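Two complexes come next, and they have one chain in common, subunit A, joined by subunit B in the first and subunit C in the second.
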Partner chain A sequence: MRQLLDGLRRLGQYPSALVGLAIIFALVGTAVFTVVTIPYGQALELWRGGDPWRMHPVNARPVWVDRIAGNNSPRTMVVSSRDALIEEEPFVGGSRMRIPLEFDFGYAGFPSELNLFLTSTHVEREPFVRLTWETPDGREFILGGRRLAREERVSISQDWELERRLGRVPHVGLFAEPADDRPPQVLEGRYRLTLDVISFEEDARVDADLVVYGRVHGLAGTDHQRRDLMVALLWGIPVALAFGLLAAVGTTVTTLVIAAAGVWYGGWIDAVIQRLTEVNIILPMLPILVMVGTLYSTSIWVMLGVVIALGIFSAGIKMYRAMLLPIRESPYIEAAKAYGAGNARIILRYMIPRILPVLIPTFVILIPSFVFLEASLALLGLGDPVLPTWGKVMNDAQTQSALYHGFYYWVLSPAALLMLTGLGFAMLGFALDRVFNPRLRTM
Partner chain B sequence: MSASIREVRTSATGPVLSVRDLHTWFELRQWGFLRVGSVRAVDGVNFDLKAGEAVAFVGESGCGKSSLARTLLGLHQPTRGEVIFEGRSLGTLDAAERKAYLARVGYVQQDPYGALPPFMDVRRILHEPLIVHGVRNRAERDQRAREALEEVRLSPPEDFLSKFPHMLSGGQQQRVVIARALILRPAMIIADEPVSMLDASVRVEILQLLRSIQIDHGLTLAFITHDLSTVRHFAERIFVMYAGRIVEQAEVNELLNHPQHPYTQALLTAISDPDPDNARQQREVPSGEPPSLLKPPAGCRFHPRCNRMIAGTCDQEYPPDLEPRPGHGTACWLYR
Partner chain C sequence: MTGSPGAMATPGRGVLRDLRRLALFTVKRLAALFLTVLVGVYLTILIANMGGQVDELRMVQIQSTVAEQVRADPAFFDLSPQERNALIERRVQLDVERLRLDQPFIVRSVDYLQQAIRLDLGRAEHMHSDRGAREVYWIIVERLPATLLLFGTANLLVFFASVFIALGLSRRYGSALDRSVIALAPSSAAPGWFYGIFLILIFAFLIPILPAGGMVDVPPPEGTLAYAASLLRHMLLPVAAMFLSTIFISIYSWRTFFLIHSSEDYVEMARAKGLPSHMIERRYVLRPTLSPIITSFALMLIGLWSGAIILEQVFNWPGLGTLLFQAIGHRDTPVIIGTVVIFAYLLAVTVFLLDILYALLDPRVRVGTG
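Up next is the complex of A and B:
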């Protein structure tokens, strides 16, 4: 206790410790914020992908990347019929509606995709809609007509017929200057998509969302499944910290207790512990984890369990043993025996606390090594199947050849967070080491 | 041989502690399993302690004093013989009784700083024995901790309760050790060289403290020392140990004034003669190595160093316990 408090007080003298602490506090703060704002269930739901992300662009870069590059790439715009001036003309047994979806487009680049999401409240008879695209310079393109199911997705970008007519993919052709020059130039100004709806039921209502997908999104960008990487980058923090901390606590505590028990009881107990440790040290950890992940389960809890189990008889035992052996002989332990303290009390209350301060730096440095281990497993495709983690982001990036396609952000942001975590704990850990292991202090 | 010593010791109240033919041998092994012999640290010790008396064990370094103390405390398993406390042999106690026995015997060690867990404050240090012995109530533990601190003259207790050992002076640390030994209200205190690691300036103070506590509470005090010069004031009887055995025992003044055993005589010359003219004589006597406890000399253990050795007897057979003067026992062939 005393050593601990003294040590912590002395920690203030090391700027690296303060920087490390600041990083760790920032990570912990963000982790708490994340878990509160995006609850666990919601995070899993989001990370499963699909519908929640239909209005997000595919593989959009982070906004700040665009800023740094000095570009003005398009953001995603959603033009909703709810904001439009709808003209409605009822007739017997139905109505005629004109829905103009208008928007200003002033970016220095073409959108990445163009989709129209339609919903209709009809009961039996499907309404009919005809789509007309008007450019700022007054050209009109008929995008065809169709009957509407209750939910309809019109993928304008994948309208092959339109593409053939424009000579370009629709989300480029519809936004380009009329001149047939290459590369195409963006025509800035007010665009309008007019929906002429004929409904065959009197109170059937049609709503439309035109999504003009951008090429940049948020602070983290999106992946190939339109998911906002921010979800994984943020959720990766609590997952990484929890995994690192639990694994470090689990291995340290079990190892310590076992080492102390071996030292205290000696004899065959100690011998068995020593031999098990020697065997365990030469067993490679990663291949075993890969085997468990491949053959059994990649759940992060299973991995945590295996990591701790493999960590129990780790090399740490030898170190702790060397530290505990002289303590076993110390007079205060003898005194404790002489007033009747039991074995468990002596191990847990008298031996282990004695070396705890010395272990704190090791413990702090151990945390990021488990964070990296978890990321490595995920990178090898053995990440938790449902949790959003940094390792899984990198794994996705790898399988999608992100670097080849120039999506550097996809790899760099999780990697940067991993490095930041490692840096924070390492800076704190090394400062703690100086404080608690005075031999290093003069160096 | 034990018979005569016991007779000397017979008292009306009967002994608190009786030690009979006690042996504590440490097996020496090579490569972890090959037995190469035993260190006979305690090798046939007999004595009785009366309730409320203070006795001193003296002897040169390595003669087995600490081993004897630890065996009495149950920290070493005796190889042979028994320790009988308040009428019951330690070997026959079950776990709970053994624990109760440990509460009846306090232990004061040599190195006060080492004897205190450095990561606990004084309050915690004093609470520990109480917790171990089932005193659940925190307020009661605090109360007893305060009392114990008052007892060892660390007052006001508030000033010390939240201190860590390193914040205390050596003398204060030893007082805390004594307070811890007292906190379970023992009947006997075993103090193993309680002042040898303290500053000369506080030694007498600590010995006086132990002595006054012993008298106030009617405790039995067994303290180990190799400083014969102070013994006179702090003990009623002296046991002289040599090579794992008690070679002489008597009341303090009787022993100091009329040492019988050649070893005791040598010890006394060695300490009481600051006169450099006597230096030769002094060196002459305990000269030579202390005997190996691994292969103790045959016969009297002291014979290789004894200047009055009787050839053919002393080197053949161990001397019996004899009583050359009333109440004064020694194991030496000279008094046959």
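Up next is the complex of A and C:
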């Protein structure tokens, strides 16, 4: 024990160990923060995609990347009828409403999409709405009229008729200067979308949200399903740490106990352990994981179980065995036997603690390899079906050809986090190695 | 003069004895390894068949395919429902017998095992080789050279580069170069494919000078020289990725070995005798550290065999890894099993070569105490 504490104190002399520790503490802190602010259930719900993200842009870059590059691409704007000055004229059996949705547009680029979400509280007769788009310089475009269901989504960007009339996609054409030169220029100023609603029920209410989708979003950007990548990047931390730690603990502890038991009992038990280890070295880990993922389940916990199961009889057993063999013959074990210590006690309390100092660096260096293993599996499409992880983000990016389309942030941000985790543990591990392996220390 | 024949005979007998011991050792190791491969492959078969559960899925599939065939065939349109059902039953029975699904899984699993061991890997369910063969064996053999070429090149490069650099560093121990290389060792926490992504990003997209993936240009160049040049250009990035991910850790571990062994008493003794430094290096440092070096080389090989899957996938390299990935996509069980069997064989061969090398290098094995 004193050796352990002494070693930890000596660790302070290695700057790389301190940097590694700082990274690990930062990661753990962020992981705790994430799990508290976005609970597990909510994270799964969010990552399933769909409705919660309908007001987010598709494949938007992180804001800071855009601003560093010196651009001023638009952010997403939501103009709600709840903030608008609604003129209402009731008539017998209904009402006429005029809802002006106004906003200032002062960005250098065009929006990426334009959608209008409408909700109506009518009971039987559907209200009728007519849309008029007004540009800052006073031009008007009629965007057509329609009957409203209770929930309606008007995809202005996909109005082919309007696109034909404008000669451009609507979210560009509606924001462009009138001159017909190409490429189109953004016209800055105050835009207005007016909704003329005729409702055929006395107290039916119509609410509208105009969403002008930007080309940048938040700190991490969004993916092809409009999901904010921040959710996956943040939740990837606890998942990666848990997977790496549990796998490392599971494999090293079982391996160590089994190696010690083999050395202590000797005979056929040792022989069986040796042969099992040889079989296990022949078994290729990744292909087996791939088979399990394909045939059984891709749940991260099943994978973790298989990783640990395959790791029990790993090559490490040979190394521990070599270290434990001389310990078995040492006098203090003899003494323990003399006072009547049982087999389990000798293995757990006398033999294993002796090689723990050598084990700790190996254990720390092992963690990132499991973190990367999880990412590797996800990259092969065998990631957990519901959990957001870094590997899954990279897999999405790869299937969507993110590099080809220039969405570098999509690949780089999870990769940077993976690298940071790997470096944190590796730096600490290598420093520990120098502290706890005296032969290296004297160098 | 009288002693000379005996002096001549002793080394001869010694070599013979060594050879006999070595042969015995080889045979023993071969038998043990064969047993391990046997068990390993059998476990693989059990996993790949879900312990027999895949058979039930297969039965359902046969039933639905046969029923569909009979219903769609105009020749059977005027059969009565009873006759048709009887016909379906008969055909299902035939298929079941052909695939021997009527026998218990345990019996068949032993059959699968001996087929796999004989590398009779069966026919693929959906995939075929580039030449059109459906045999899993040919599909795999076609991909093997690509994998061997890529990983052989990278491994040998890393091996020799790191041994030489490590030797140099251990001579200049404590210098700025030494310390910076050691500080870089943690960068090996990331696997090759990880660096691959960055290399692709930089050299194929930001500065498009190298191809992002594949093995040769499409269409392949005509002449042998042009073909080799194209191959080389495509190999550059994946080899660089593997090199980057393993070089620093290899240098680190070998430098440590050399440092430990160059502080041994017998090296000090040699230095004290005034032997030239290259002789000390070769005879007193390198020789005794050879077996740990070879062990780590073999362990690296073993690690890279499986790491290959993703690296090949990232670089779209048409090797075994990509094949396995495609097989997963097609849910083609025979190909998946076949690939795993090949991987197991490759690992076994690696371990075997390691053992033989050990025997050659380690005098204890030859003397018969090992």
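The criterion applied here is as follows: the second predicted complex is superposed on the first by the 441 of 443 C-alpha atoms of A that agree within 3 Å, B and C clash if a C-alpha of one lies under 4 Å from a C-alpha of the other, contacts with A are read in each partner's own complex, and residues count from 1 in each chain.
One rule holds for everything that comes next: contacts are C-beta pairs under 8 Å (C-beta built on N, C-alpha and C of every residue); 3 or more make two chains touch, one makes a residue touch a chain.
Only a predicted model underlies this, so the values are computations on that prediction, with no experimental measurement involved.
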Handout entry: Fit or clash - subunit C, subunit B, common subunit A
Key = fit
Practice task
Could you say whether A:Leu283 touches subunit B, subunit C, both of them, or neither, answering first, second, both or neither?
Solution key: second
Practice task
Scan A:Ile269 for contacts with subunit B and subunit C and give back first, second, both or neither.
Solution key: neither
Handout entry: Touching partner for A:Val35 - first (subunit B), second (subunit C), both, neither
Key = neither
Practice task
Applying the touch criterion given at the start, work out whether A:Ala338 contacts subunit B, subunit C, both or neither, answering first, second, both or neither.
Solution key: first
Exercise for the section: Using the superposition described at the top, determine whether subunit B or subunit C touches more residues of subunit A. Expected result: C
Practice task
Between the centres of subunit B and subunit C, viewed from subunit A's Cα centre, what angle do you get? Round it to the nearest 10 degrees, please.
Solution key: 60
Problem - Least Cα gap, in Å, left between subunit B and subunit C after the two complexes are fitted on chain A - result: 8
Practice task
Could you please specify the touching residues of subunit C with respect to subunit A in the complex?
Solution key: 32-33, 36-37, 39-40, 43-44, 47-48, 50, 54, 173, 183, 185-191, 193-194, 197-198, 200-201, 204-205, 212, 252, 256, 259-260, 263, 299, 302, 305-307, 309-310, 313-314, 324-325, 328-329, 331, 333, 336, 339-340, 343-344, 347-348, 351
Completion exercise
Residue positions on subunit A within touch of subunit C in the complex are 16, 20, 275, 278-288, 290-296, 315, 365, 368-369, 372, 375-376, 379-382, 394, 403-404, 406, 408, 411-412, 415, 418-419, 422-423, 425-427, 429-430, 439-440, 442-443
Problem - Contacting residues of subunit A [partner subunit B, same complex] - result: 1-3, 330-332, 334-342, 345, 349-350, 353-354, 356
Exercise for the section: Could you please specify the touching residues of subunit B with respect to subunit A in the complex? Expected result: 70, 73-75, 98-99, 102-103, 105, 107, 109-111, 114-121, 128-129, 132-133, 164, 166, 177, 180, 184
